[in-house]
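Both of the next two complexes hold subunit A, though its partner changes from subunit B to subunit C.
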Partner chain A sequence: MVQRRIEVGALARVEGEGGLRVVVEGGRVAEVFLDIFEPPRFFEAFLRGRTAQDAVDLTARICGICPVAYQMSAAHALEKAFGVSPPPGVRALRRLFYCGEWIESHVLHMFLLHAPDFLGYDSAIAMAQVPALRPLVERALRMKQVGNRLVALIGGREVHPVSACVGGFFRAPGRAELAALAPDLAWGLEAAVEALRWAGSLSYPAFETDYEFVALRHPGEYPMNEGRIVSSGGLDAAVEDYDAHFTEEQVAHSNALHSRFRRDGQSYLVGPLARLNLNADRLSPAARAAAGELGLRLPLRNPFMSLLARGLETVHAFEEALALVEAYEPPDPPRVPVVPRAGAGAHATEAPRGMLYHRYEVDEAGRIATVRIVPPTAQNLRRIEDDLRRFVPMVLEAPHDEATLRCEQLVRSYDPCISCATHFLRLQVERRPGT
Partner chain B sequence: MARPRLAVYKFSSCDGCQLSLLDCEDELLALAGAVEIAYFLEASRQALPGPYDVVLVEGSVTTEEEVERLKEVRRQAKLLVAIGACATAGGIQALRNWADADAFRRAVYPTPGYIRTLDRVRPLGDVVLVDAELRGCPISKRQLLDFLAAVLIGRTPRMPAHSVCTECKRRGAVCVMVASGVPCLGPVTQAGCGAICPAYARGCYGCFGPMERPNTGALGDRFVALGQSRDEVARAFRGINAYALPFAAAGDRFARSDIEEG
Partner chain C sequence: MSIGVARVLVVGVGNAARGDDAAGLLVAQHVRPLLAPLEAAGRVVVATLDGELLPLLDLWRGAQAVVVADAVTTGAPPGEVTRFDLTAGPLPASLRFASTHAFSVAGAVELGRALGRLPDRVILYGIEGRSFDYGATVSAVVAGAAAAAAAVVAAEVAALLTPRRAA
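After this line comes the complex of A and B, so read on.
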């Protein structure tokens, strides 16, 4: 039987280290593996016995691209464990903090990681050498910079900020400090709308999947720090019940665990596409107008079009950040004291790449007893392999290099963060039916 | 003259230090004109073979495969630069060097046999010769750009050997230890971050690693005088740069129960 292999030893323009293996036998896709060889770093193990604040500071080190997401999930979960509520005003400041991270992460992905696939270049740096494309890259870098400045102003620095804590923030920026960013945020909003128009002009491979989308949903807001877990299949659950609905399994070719529904063992999708499809009615006015202008019909079921979802969320994040800056009153005090006690707390927030779940048990001294972290990419891995299995036959006729590139492009569509996906905890082995 | 060839490699880490290069939004395109970015997988699909003039290496060495890969990177590198705490000291994951690796694998993975790791997390310098170090978790963009500029024009890079305290005074921040009794690793930590933590009303947690000849014993004793237990002092040193020699020694000295394990 004729065997054909598509192999990518090390995927480019993703975070962390992973490869791709597809084996086709006699025109049929026999095997699809997203190899995750990023070595594990054992966060859940070494956090045991550390302080609650260590969990906020150290889980950020799981991912340099979305440290705010780790800090937010950890702080909220631990506040539940200790039974404390942050002072008024902290909630809005945390939302603003998250807007900054969504902006820097989404713009990084849209333009530096994903766009080169659509335009036929190896990198955004190569795109910038083309006079017609240079303004696009320059604008993207400036948008990303505004997001980074917002994170740095609130958190102290862009990567691994230091101000977030259990109970609030160590320091809240003054009104004038944040107000100084308003002109850049206003510029960013216009730039994001333009960027979305550009994204709308791209041609997307025709490929739709019948996903079950999973995201948080909040009564009045586009979800970031709070909400219930909902799905397009009708799930509606408290974040504390995450483990009742989802499970993870270990597979031999991956240092990351794979998530699936307990209900039926099916894979699911988290991330911008899922958030958008489940929360379009919560988008900001400018984002809704931009979606209307593009003529988007929801739900979007094409993974390549997650680029559009990121673009819409970037418009939203700029518009909401601007409103939050204009209404900002520094929380005083910026945090509540935490009195240690034994307990447990679980929380999920919406990282740029999707729902990020943390659960902690703490002892009477307030030290970490157990940790469980489920990052968005671990939840999507199984879904990515499922999609590749369906996508590969569509590109098999193409020359080998082209077919390989299209498969890479599909994988990059999910913005996988492989650094995030490795080193996570699951205590039981589950086997798929039939193996 | 041909542009110097730059490569960026990653080992076990979070990607944050190489991301710092992409976060140089004002300088990135100019830098891409001044050097040939020959290998930088997070940014480009184009992967040109070595040799390279400057190789920035992020991450620590945690598996046999990484040992071999790092040796190959060394063979291709004229100047090998360790960037960030993982590369210079093993990073936060080196905390497992104080624990039983098998127990860690069993705690995280249901089928530990699939997971192969070295018994100890290693900084790059344990495996190959490292020509220069940029400290930090993450590295400072300013230091990175200064280093690359120095290499480009052939001057000596400016590498501070003094402590965070000096930067803290220069920034005009209030000393959190003197004013509020908050334990702060600033007096023993190498400068470079700009004293961010004290400026944000908290103690430094040492992410730039030990300064030259740090007096860790005196600082630890001061933490005890402020009311911390010796265990808490040990944990302060056993953070992001736990495996950097002076911090490792201080952590061991203040750890009460596990001091015999060494």
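After this line comes the complex of A and C, so read on.
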């Protein structure tokens, strides 16, 4: 019996360090391992004994792509522990902050990391060398820069912002500062709609999965900072009850924990596809119109089409950011006072890659006693392995390089942030003779 | 006589919470006082980047030369400093940067080159690192090398800004 083995040393265009190993025995997929070998980060341990604000500043360091998400989940959870509730102005500014991060993260992934797969290029650099594609790359860079500027303006700097705090913001930008961004946001909205039309013209591999989608849902908003945890399987729970419904387990091949439903041990999917399918009725008018123009029929069950979900969310983020900027009044004061007390608080927000759960216990002095952080990529790891188990047989007959590329493309479609999950990727498909 | 460039951008790249990856940030920290008069005169901008590196393409707008300092892993002894001139072409593929970002310094530079958005001169100082563990502090040998590299970077920046007689 022939043994066949496909191997990719390091999967590129993902955030972090990891690898993928697929073992095929006698034409049957025997094993799929998403190896996470980036060293574990021990954030949950080294935060113990530190101040609550340290959690907001330090957890942002977990990821250079989505620091706002970490800051928001931490700040909300700790505010619950201390029994404070920031005023509506802070809430609106936080939502605007999150729009900036969604824009920069989604645009980076769609055009610079994932698009080369669909167009047959090694990288965005190779795309930029093709005159016909250069405007696409240029536009993406400009869109991303608008998101970066929004984050920098609110957070004090583009990466690892410093302004967010427990209770609100250390400093809120002035009205004129944000108003100056309005023309770029209006341009960005049009650019995002155009970009989505381009994404709609791509050819997506035929591969659908019967996912259980999990995302936050808010009574009136597309979910970012708050909501109940809902699923396509009927789950509807308060974020405080996260642990009652989901569990994490250690697996030998990964430094990141794997999440699953406590109920039946099954995997689930978080991220743009889940958010869209569970919250399409909460999309902004322009995003809904764009979805209609594309003729999208929900739910989308094709992981490759997460590119479209990101595109729709990018339209939404630009439109909502523009509305928030136009209505902006600086919150005064920009933060509510926080009096330390012993307690516990749990919260989840929607990071670009999906639901991000934080839980803290604090002592009477407000120092952190315990921490629990469940990043979206850790929640998706088991689901990615489950999808690969079904996807690999579909590409086994393809030439070796193409099969490998298709597997990489699938993994990239989840936009895995292995830095977050602990946490990069190598792909290895091993074909062993059957018995 | 050639004209010196009008403005130079110096960028230190790294993550202060990841051991020797802080090398580039330390170069920026040490070079800032050395270049303070030139920075005050608007001829030099010293910046740091600690996340993904595409913002480099915007940072170097208006600068005719950019000097980047970053940690590298080439297999050389820790603390060894290597100067690369990326003006004419990319880094050798054999050199791997110690970056976990979707776009490394080399990636951002090559994207800039493909888009015709590179400054006239692009110089990279790579400081060899060994340990990039999370939460680790920078090693003494790499910290020392970063301080020494800063003096060399300052001298190169001054030379880039100085009109030179054509050979």
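Everything that follows uses one rule, which is that the second predicted complex is superposed on the first by the 419 of 435 C-alpha atoms of A that agree within 3 Å, B and C clash if a C-alpha of one lies under 4 Å from a C-alpha of the other, contacts with A are read in each partner's own complex, and residues count from 1 in each chain.
Criterion: a residue touches a chain if its C-beta (ideal position, glycine included) is under 8 Å from a C-beta of that chain, and two chains touch if they have at least 3 such contacts.
As the structure is a prediction and not an experimental result, all values here were calculated from the model.
On the shared subunit subunit A, the superposed partners subunit B and subunit C overlap sterically.
Taking subunit B and subunit C in turn and counting the residues of subunit A each one touches, the greater count comes from B.
Of the two partner chains, subunit B is the only one that A:116 touches; subunit C does not reach it.
In the overlay built on the shared chain, the residue A:252 is in contact with subunit B alone; subunit C does not reach it. Once the two complexes are overlaid on the shared chain, A:221 sits clear of subunit B and of subunit C alike. By the touch criterion defined above, A:386 reaches neither subunit B nor subunit C. Of the two partner chains placed around the shared chain by superposition, subunit B and subunit C are both touched by A:125. In the superposition on chain A, A:177 makes contact with neither subunit B nor subunit C.
In the superposition on chain A, A:240 contacts neither subunit B nor subunit C. Clashing C-alpha atoms between subunit B and subunit C turn up only in stretch 146-154, chosen from 110-118, 146-154 or 254-262, once the structures are aligned on chain A.
In the superposition on the C-alpha atoms of chain A, the part of subunit A touched by subunit B in one complex and by subunit C in the other spans residues 13-17, 38-42, 46, 61, 64-65, 67, 108, 112, 123-126, 128, 134, 137-138, 141, 144-145, 148, 158-160, 419, 424. Partner subunit A is touched in their complex by these residues of subunit B: 10, 12-17, 19-20, 22-23, 25-26, 28-29, 32, 37, 40-47, 62-63, 65-66, 91-93, 95-96, 99, 103-105, 107-111, 114-115, 117, 137-138, 193, 196-197, 199-202, 205, 207, 235, 239-240. By the touch criterion given at the top, residues 13-17, 38-42, 46, 61, 64-65, 67, 108, 112-113, 123-126, 128-129, 134, 137-138, 141, 144-145, 148, 158-160, 419, 424 of subunit A touch subunit C in their complex.
By the touch criterion given at the top, residues 15, 17, 49-52, 54-55, 57-58, 100-103, 107, 110-111, 114-115, 133-135 of subunit C touch subunit A in their complex.
On the side of subunit A, the complex with subunit B involves touching residues 10-17, 37-46, 50-51, 54, 57-58, 61-65, 67, 104, 108, 112, 116, 122-126, 128, 134, 137-138, 141-142, 144-145, 148, 156-160, 162-163, 165, 170-171, 249-250, 252, 255, 257, 408, 419, 423-429.
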